[in-house]
Amino acid sequence: MTQRVALATVMDRLAIDDVITEYAVTVDDGDWPAYEALFAPEGRADYTGAGGVEGPAGEVARWLTGRMRLFPVRQHLIVNRRIDLQDLGGYPGDRAWVRADYVSPMRSAREGGASGADDTAPDSVSGGRYTFELDRTDPGWRIRTVTVHEKWRRTA
Amino acid sequence: MTQRVALATVMDRLAIDDVITEYAVTVDDGDWPAYEALFAPEGRADYTGAGGVEGPAGEVARWLTGRMRLFPVRQHLIVNRRIDLQDLGGYPGDRAWVRADYVSPMRSAREGGASGADDTAPDSVSGGRYTFELDRTDPGWRIRTVTVHEKWRRTA
Amino acid sequence: MTQRVALATVMDRLAIDDVITEYAVTVDDGDWPAYEALFAPEGRADYTGAGGVEGPAGEVARWLTGRMRLFPVRQHLIVNRRIDLQDLGGYPGDRAWVRADYVSPMRSAREGGASGADDTAPDSVSGGRYTFELDRTDPGWRIRTVTVHEKWRRTA
């Protein structure tokens, strides 16, 4: 691998890592236009593996707008990110795959939280794995598909 | 972006990521001189968003010395790190911003922990977001400000 | 540091980070041949600090095969990764050290999970720190030793 290709590969990896982070942040901040903008034009999200919907990013963003209002406090902590870049005979291609693990504490809008009036504890914590497929587009790496596979859920 | 600038940007990002990791480790290991050394000379920490104090890094380090003695077992798990480097028309500048999410399990010093004598369970778990502002200094990237915004807390 | 050395250092760090991620994934997926392949020929794992065994990677892989069958749902979330590369007077050497924090939710095979039939909650969550020592080998970075130090454990 030449230095030029090595550096391009590193830059791709960091850019893809940024997209995954932005994905978590837009969901947790409820910034749905920014969420939708992370997807490629044909991008889709599949949350059926965690009790949610599947569809084009715009439709899913609208579903999330209502759904996440029920959980005003939330975190999507995405770790163990494995990034695989398409390899075109030694050169990075325009497709990438990310597999990552998550834990997601959420607290519903009802008064008092899970454990009493003084507590702001989550009433739901879940964990599982994300699979992302990304495309290199003119403005940068964008999500083509995101799929959630929930492994466990604890409800208070 | 030239290769030289691209590589400098990558090195800056990794160096900043290291500072955030060291921040977590020094707090969890109770290494307060190392904690304080992560800050720029004028560096300040603001923990009022999680029930703590605000002040110059040295003062906050002394407060933490006493405060963290109450919680001999602790973790500050910092993920979803978004690093923004100051952009001087295509060149990285000497200022950076990091926004990151955390979860922090802590166990107090009282006997038996939360759930019984056989258990070492945390009696407090909290989650939230950090905002860091960093300066490039002669010895490397240093924290100018760190601010905590706690989102939730579960007490056993 | 020349650009060539800087780039090599970055590539080493990303490659080592990948090994740590693969370590988590092989354990959580129960892919024991892949787990064992992450180790150098003389590689050893020491899980005595979390109630487990110590020994050559192959023996530990066989122990894990039986042990992890008891916990069909599991996550090893590894964060705060500090990577130290051996420094040979400005050049990266063939040894590296990683210290990282983890949280690990696990659910045992018994029916109904921790909190009832409708729940898939973990019945054990633990947290602690990993120490890895890695060697650069012909096929890439491999684990020479991994040591676990559990800090806390909550059992449902």
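To keep things simple, chains are lettered A, B and C as they appear, and every chain counts its residues starting from 1.
Methods note: a contact is a pair of C-beta atoms (placed from the backbone, for glycine too) under 8 Å apart; a residue touches a chain by one contact, two chains touch by 3 or more.
This one's a predicted model, so the numbers in the text were calculated from it and none came from an experiment.
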| item | value |
| --- | --- |
| Interface composition of copies subunit B and subunit C: same or different, split at half | different |
| When subunit A is superposed on subunit C by its C-alpha atoms, the rotation angle in degrees, nearest 5 | 120 |
| Centre distance in Å when subunit B and subunit C are each reduced to the mean of their C-alpha atoms | 23 |
| Multi-partner residues of subunit C (at least 2 other chains) | 3, 7, 10, 77, 79, 103 |
| Interfacial residue positions of subunit C with respect to subunit A in the complex | 3-4, 7, 10-11, 14, 18, 21-22, 24-25, 28, 73, 75-79, 103, 105, 107, 113-115, 119-122 |
| Residues on subunit A engaged by subunit C in the complex (per definition of touch) | 3, 6-7, 10, 13, 77, 79-82, 99, 101, 103, 127, 151-155 |
